[in-house]
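Here the chain labels run A, B, C, D, E and F in written order, and each chain numbers its own residues starting at 1.
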Amino acid sequence: MASNQLVKNDYVKTSLRAYFLQNGFNYGNYQGLGYANVMYPALRKMYKDDDDKLQAALKDNIEFFNTNMHFLPFITSLHLVMLENKTPAKEIRNIKMALMGPLAGIGDSLAQFCLAPLFATIGASLAQEGLIMGPILFFVAMNAILLAVKLLTGIWGYKLGTNIIETLSARMEQISNVASMIGVTVISGLAVNFVKITTPIQYVASMPGDQQKVVAIQEMIDAIAPRLLPVLFTGLIFYLIKVKKWTTYKLVILTIILGVVLSVLHLIA
Amino acid sequence: MTISIFQCVLIGLWTAFCLAGMLFGIYTNRCLVMAAGVGLILGDLPTGLAMGAVGELAFMGFGVSQGGSVPPNPMGPGIVGTIIAITMKGSGIDVGSALALSFPFAVAFQFVITATYTFATTLTSYAYKALDRKNFKGFRIAANATVCIFAVVGFVIGFGGAFSSEGLQKVISLIPAWLSEGLGVAGKMLPAIGFAMILNVMAKKELIPFVLIGYIAIAYLNLPTMGVAVVGTAIALLVFFHMGKGGSETVEEVEVEFEDGI
Amino acid sequence: MTISIFQCVLIGLWTAFCLAGMLFGIYTNRCLVMAAGVGLILGDLPTGLAMGAVGELAFMGFGVSQGGSVPPNPMGPGIVGTIIAITMKGSGIDVGSALALSFPFAVAFQFVITATYTFATTLTSYAYKALDRKNFKGFRIAANATVCIFAVVGFVIGFGGAFSSEGLQKVISLIPAWLSEGLGVAGKMLPAIGFAMILNVMAKKELIPFVLIGYIAIAYLNLPTMGVAVVGTAIALLVFFHMGKGGSETVEEVEVEFEDGI
Amino acid sequence: MASNQLVKNDYVKTSLRAYFLQNGFNYGNYQGLGYANVMYPALRKMYKDDDDKLQAALKDNIEFFNTNMHFLPFITSLHLVMLENKTPAKEIRNIKMALMGPLAGIGDSLAQFCLAPLFATIGASLAQEGLIMGPILFFVAMNAILLAVKLLTGIWGYKLGTNIIETLSARMEQISNVASMIGVTVISGLAVNFVKITTPIQYVASMPGDQQKVVAIQEMIDAIAPRLLPVLFTGLIFYLIKVKKWTTYKLVILTIILGVVLSVLHLIA
Amino acid sequence: MTISIFQCVLIGLWTAFCLAGMLFGIYTNRCLVMAAGVGLILGDLPTGLAMGAVGELAFMGFGVSQGGSVPPNPMGPGIVGTIIAITMKGSGIDVGSALALSFPFAVAFQFVITATYTFATTLTSYAYKALDRKNFKGFRIAANATVCIFAVVGFVIGFGGAFSSEGLQKVISLIPAWLSEGLGVAGKMLPAIGFAMILNVMAKKELIPFVLIGYIAIAYLNLPTMGVAVVGTAIALLVFFHMGKGGSETVEEVEVEFEDGI
Amino acid sequence: MASNQLVKNDYVKTSLRAYFLQNGFNYGNYQGLGYANVMYPALRKMYKDDDDKLQAALKDNIEFFNTNMHFLPFITSLHLVMLENKTPAKEIRNIKMALMGPLAGIGDSLAQFCLAPLFATIGASLAQEGLIMGPILFFVAMNAILLAVKLLTGIWGYKLGTNIIETLSARMEQISNVASMIGVTVISGLAVNFVKITTPIQYVASMPGDQQKVVAIQEMIDAIAPRLLPVLFTGLIFYLIKVKKWTTYKLVILTIILGVVLSVLHLIA
C-alpha cells in the first residue's frame, strides 16, 4: 500500500498546478475554486482512504481566495507542510489569508508592472523592425521567469516549513510595500512615455521691422514641463476614476470624443 | 482581400488559446503575441508584427488585471485590429487607424469577460453540491469551467471577427478621413485610462514621490523602462533599509487612510 | 538719442507703478517687466526686451525679499540700465555693459528702500494715536502710507533717470574698454550674492543634501528649472512621507503625529 | 438694519485685500498696520455699532506681523471664523502667530523660489528672442496663480473653521519644511546656472617629437567638477555672509573689484 | 631594444621608492606613476604614459588595500608591463597585451608582499625584547623594518624585471595570437575582482541601494566619477540628516547581520 | 632644563609622523609598532627623565592597531591631550580603540574610494593624451589633500581636547556610515565603468521578401540593461568571494581562463 506521506515531488507538482488557479475564476469567490483544485491531488494523497476528510478539506478551501498566481506556490507549500505537521485548521487559514494580500502586491508589481512592461517594450521594438523574435522573446522570457518564480517560491515555502511563519507576514507586508513603490515608479514612467498628446497650435508674432515669427504653443508648454499635456490628461482621468468613480466605458467614450473633437478643431494632434 | 473559412477556423482556435492563456497566466493575451499569430495565419506577418507592436504599446497600461478588475481586452487590436489592418491595407487604413477602430471591440470584449466572471459565480454552488455528494469529478469540472467558457468565447470572437471581415471592411470604408484621423489621435490618448486605473489601485499618498520619480526618469532623463525600474528599486530599498520603523509602522495606518487616497 | 520731457514723465509714472507693485506683490518690480515698459515708452522695444532678459537672469537671485530683507533693486537694470542701453546703443554700449553699469544704481535704490522702511516705523505710532481718537480714516491713511511713498520715490527715480540721461551718457562714455569689460565679467558674478543671501536665510545643515541635488540637477543632468523643482519635490516628499519630520530626535514624535497623516 | 453677521462674500473680500497687506510696511511692526487694514472692513461690519470694539480690535492687530502675502487669506479667514465663534482673543492671537511663520516659509518658497524663477526663465528666453510675450506671460502667469492661491487659501480657511486648528500649526511646520527643501534645491540649481565664471588660462605643453599641445585649465577644472568656479565663488560669498556677516554693499564692491581686476589680468572671463 | 645596466639600476631604485611609498601612503605605488617613471628612464615617455593610463584604469579596483588586505600589485603592469610594452613595441605587443601579460606578475608580487607582512610579525617580539632592555633604538629599528624590506624587495623586482627583459621577450614572443588576444579580453574582465573585493569588505545589505545608485549614475546617466561621488554624497547625507534614529537603530542590527551580508 | 610640557609644535610633528605609521606593518599587530613609533618623540619629551614610564607607554601602544593613516593624527592628538590631562590609561585606550574603526572607514572611503579614483581617472585621461601632467597632477593632488587632512585632523584633535570625546565615537560611527555609503556608490559606479565585457555574437534573421537582417545579441542585452554582462560577471565574482570564500589567486585564474576560452570561442570580445 502506497504511503500517504507527501514527498518533495508532490510539492513541486502542486506548485506547477498554480497554472490552474484561475480556471474557475468568478466574481463570487474569485480564485477559491481554483485554490481547492490546485490542492486537490496532494489532498487526495494525504486522505487517500478518507473521502470525508477530503470532502471537508476541499469545502474549506473553496472559500474566497485571491492572490497573484505566480507566487501562489509559496502559500500552497506552506499549507501542505502545516497540514502534515497537524497545524490546527484555523491557524493554517490565518496564514493563508495573511499571505494572500501581500503576495498579490508583490506578484502583480513584479509580473505586471516590471517584467511585462520591460519585455513588452523590447519585444515591441523588435517587432517594429519586422522581427518575429519580438513576440517570441516576450513570450519565452515571461514564461521562463514566471515558471522559475513558481518553482522557487514553492520550494522555498517547502523548505521554510512553519517555524518562522509568524514573522513572515509582517516581512511580506514590507516587501510588498517596496514592490509597490517600484511598480508605481515604473507605471508612472510608462504613462508619461506612452500617452501622447501634443498641440499643433501656432501663432504668428509680428516683430519690429515688419518681421514675423512663428511661435509654437507646444514649445512653450515644453519649456514649462516636458510631456505636460499627457500628464495633465492622465491626471484628469485619474481624478475621474478616483473621485468621480467613472467606469471604464465612460472614460473610453470621453477620450474618444475628446480626441476626435479636438483633432477636428486642430487643437491637438 | 478575403479570408478563407479554414483561416477563419484557425484564427478562432488561436484566439481561444490566447484568451484561455489569460487565465493560465502565460501571457498569450497580449496584443504583441495575438497579432503575430493572426499575421502568420493570414500570410502577412510584417503587418501582424507592426500591428502587434503599436497595439502592445497602446495597451501597455491595460495589460494588467489586478484584484479581479477587467481592463479593455487586447483581443480588440490583437485580433480584430490586425484583421482590419491586413485586409484593408490597400484602402488607406494603416496600423494607427486600425488600432483606433479596434477600440470599441476591446471595450466590448471587456464586457463579455466581465459577464463571464459574473455568470461563473454559479459554479461555486454547483461545486459545493457536487462535494456534498462526494462527486469529486463534478467539483473538478466546476473548478475548470471558466477557462472552458473562455476558450469558447475566444473561438467565437476570433472566428466571428474573421468571418465578418468583409462586412467590417464596408462599414469601415465609410468612415471619413477626419474621423479616422481623430480616432488615431484618441488612440494615443487612450493608454492614459489604463495607467490611471492601475495608479488608482496602487496609489496611496505615500507613493506620490514615486510617481514624480517615474515622471522625472522618463520626461527629463529619457531612461528606458528597465532604467526606471532600477531607479525605483534603488529608492524603494533606500526607504526600506534606512527609514526603518518609520516605514513599517506607517503601513497599517496607510491601509486605513486608503479611502481618501491621494 | 534724447528723451522728451513727456517720455520722462511716462517713465516716471511707469516706475512709480512698478515699484508700488512690489508692495502689492504683483511682480511688476522685475527687470523683465520694467525694461519692456521703458522700451515701449522710448520706442525701442527690442532693446528693452533684450535688456529685460539679461537683467532678469542676472537679478534672478535678487528677485527675492524675504522676512523684510531688501536686495539690490531691479530698477537698477530695469529702468536706468534700459535707458542707458537704448540711448547709448550707438556708442558701443551693449546690454551686457549696461547691466554692469546699472549695478551701482541697483544698490543705491536698495538704500533708498531700506531708508523708507525705517522712516515708515513712525507710521505705527501715528496709527495708534489716530485710533485713540477713533479716527479710523487716519488709521487707514497710515496703513497705506508706505505704498504712497514708494510711488513718489518710483516717480522720482524714473523721471530723474530719464531726465539726466544725457549727463549719464557723458559720464559713461568716459569709461575705458578694460573697465567696461571687467564690469561685464563682474556682472556675471554678481548673482552669486543674491543666491548666497537666500541660502543664508534658508540654510540649515539638514538642507545640504538639497543644495547638492540642485547642483547635480543643473551641472550634471542639465535639467531645466522646472525639472529641478520636480526633483526637489520628489525627494522632499520622500523625506516627508517616509522619514517623518526629519532631524534625528524627532523620529519618536513622528510616530505619535502619524495619526493625522498629511 | 443690515446684519452684522459675515457672509461668504466678506471672506472673499478680505482675502482679496491681501494685496494691501504691505501698504504700510515698515521696520517697526512689519505688516502689522497692513494686517489691521486688511481686516478693517470685515471688523467694521462685525462691530457695526460699536466703535469701541472696533478700536480695540484694530489696536490689537497692529502688533508685529509678517508672513507671505499670498497665503495670508488662510489666516484672515480663520481669524474671522474664530471671531464669529467667540473664540477667546488670546487663542486667536496664538493661532495667528503660529501660522505666520510656516506660511511665510511655504509662500516664499512657492512664489519666490519656484514660480518666479520658472516663469522668469521662460519669459526671459522669449524676450531674448524679441517677443513681447515674454514679460506678458511672466506677469499674467504669476498673477493668475497667486490670485488663485489667495482665493483658495481664503476659502479653505473659511471652510476649515476652527475644529482642527490645533493640529494645523504642526502640520504647517512640516509643509513648510518640505517647501524649503524644494526651495533650496531650486535656488542651488539656479545659482549654479546663473553665476558664470570661467578661466581663459591656457598653457602650451611640449610633447615628444617637438609637438606642442595647448592645455586649457578650464577643461581640467571641468574634469574635476563642472561649474566649479561659480560654486566656489558662491560658497565664498555665502561664507562672508554667514560667518563674517558682511553686508550686501561690501559684497557688491568686493565682487566688482574682483571681477574687474581678474578680468584685466586675464585670469577669468 | 636592450636595457643598459645603468637603466636597470635606475628602474630598481625607482621601484624601491614606489613600493616603499605604498607604506608611506604617498600614492607612488600606482600604475600611472610607476609607468611614467619607467618610461622616462627607458627614454620612451609616451609608451610609459599610455601604459600607465591603461594599467591605472584596469587596476582602479585593485588600487585599494583595506584592513590589511593585499590586492594584486600594480608593479605588475606599472614596472614589468611597461618594460614589456617599451621593449617589445616593434614585435606587435601593444599596451593592451602588455597589460594582460603582466597580470601573473601582479599576482606574484601580491604573494611576495603578503609573505613580507607575515614574516614581519616577528618584529613585534623583537621590539618587546628591545624595550625590555630599554633599548629604544632597537625598538625604532623594528618599527621601521617593514618599509626597509619593501625597499629591498622593490629594488630586486625592478632591477630583476629590467635585467631579464630579454629572456622575457623571448618567452612572450612565443605566445600565439589567440592567446594574447584572449589575455587582452581577460585583462578587461580582471578589474571585476578588485571591485568585488572592495564591495565584499564594505557591503552590508543596507548599502544595496547605493550599489544601484552607482550603477544608474554610470550606466544610465553617464556621469563622471566626481558626479557619482556627489550623487552618493547627496543621498548619504539625506539618509544621515533625515532618517535619524531609524538609521542609527538599524545600524546595531546591521553589525550583527554583517557576517552573512548581502 | 627644557620643559616636558608639550607645545603645539609637538602636536604638529606627531601628526606628520603619521607617514611612518605603516613602516612596521605586519600581520601580528598591524600598525601597532608604527603607532608606538609615531608617538615616540612626544612621549620621549613628556617622560624626559623617566625611561621607565617611556618604556611602559611604548609597550602599551605596541598592541594591535589599525586605522587609516591620513586620519591618524586625530587620534594621536587626542591621545597626547589626554595624557597631559592625566586621563586614566584605560580610558585613553578605550577612546583610541573606539575611534580606530570609524576613522578607518572614513579615511579609506575618502582617500581610496573617492579621491584616488577621481584623480586617477583625470590623470589617466591626461596621460592617454600623452601629457606627463597626468601622473604629476595625480601625485601632487593626492598628497596635497592628504597632507592637509593629516594636519587638519591633528589640529582639530588638539583643539577639541577631551571634553566632548564621549559623544565623538558615536558621531564617528555615523560619519563612517555616511562615508561608506558614498564609497560604495563610487566603487559600484567604477566597477560598471571599468569592467568591460561585450559579446560579438550575431545572427542573421530572414525577413519577408528574401531580405536579411543582422541581429546583434549585444544590442538586445543593452536593451534589457546597459553594461549587463560586466554587472553579472562582477556579481559572480562577488558571490565567489562572499559565499564560496575564493581567494584572489583562484579568482584571477578563473577570470583568465574564462577570458581566453570565451574569446577563442568568439563568445565575448
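Here, contacts are C-beta pairs under 8 Å (C-beta built on N, C-alpha and C of every residue); 3 or more make two chains touch, one makes a residue touch a chain.
In this text the structure is predicted, and so the values were computed from the model without any measurement.
> With one step meaning two chains touch, work out the least steps from chain A to chain B.
Shortest path length, in steps: 1.
> Please identify the chain with the largest separation between its CA centroid and the CA centroid of chain A.
C
> Does A-C or A-D have the larger number of C-beta pairs in contact?
If we tally the contacting C-beta pairs, A-D comes out ahead.
> Approximately how many whole Å separate the CA-defined centres of chain E and chain F?
Taking the mean C-alpha position of each chain, the two centres sit 12 Å apart.
> What is the distance, in whole Å, between the centres of chain D and chain F, each centre taken as the mean of its C-alpha atoms?
From the centre of chain D to the centre of chain F is 44 Å.
> Measure off the straight-line distance from the CA centroid of chain D to the CA centroid of chain E, and report it in whole Å.
So the centre of chain D lies 53 Å away from the centre of chain E.
> Nearest whole angstrom, what separates the Cα centre of chain C from the Cα centre of chain E?
About 55 Å separates the centre of chain C from that of chain E.
> At least two other chains touched by the same residue of chain A: list those residues.
118, 125, 130-132, 207-208, 223-225
> Would you give the residues of chain B that are in contact with at least 2 other chains, written as numbers and ranges?
45-46, 212-213, 215, 219-221, 223-224, 226-227, 230-231, 233, 235, 237, 239, 243, 245-247 - these are the residues of chain B that touch more than one other chain.
> Could you please write down every pair of chains that are in touch?
By the stated definition, chains touch in these pairs: A-B, A-C, A-D, A-F, B-C, B-E, B-F, C-D, C-E, D-E, D-F, E-F.
> In their shared complex, at which residues does chain E touch chain B?
205-206, 208-209, 212-213, 215-216, 220-221, 235, 239, 243, 245-247, 249-250
> What residues of chain F sit close enough to touch chain D in their complex?
118, 122, 125-126, 129-133, 137
> Show which residues of chain C lie in contact with chain B when the two form their complex.
Going through chain C, the ones touching chain B are 221, 223, 227, 230-231, 233-235, 237-238, 241-244, 251, 254-255, 258-259, 261-262.
> So in the complex, the part of chain A that touches chain C is made up of which residues?
207-208, 223-225
> Given the complex with chain C, which residues does chain D contribute to the contact?
18-30, 32-34, 36-37, 40, 44, 51, 54-55, 58-59, 62, 66, 69-70, 104, 108, 112-114, 116-118, 120-121, 123-125, 127-128, 130-132, 134-135, 138-139, 142-143, 146, 167, 170-171, 174, 177-197, 225-227, 230-231, 233-234, 237-238, 240-242, 248-249, 251-252, 255-256, 258-264, 268-269
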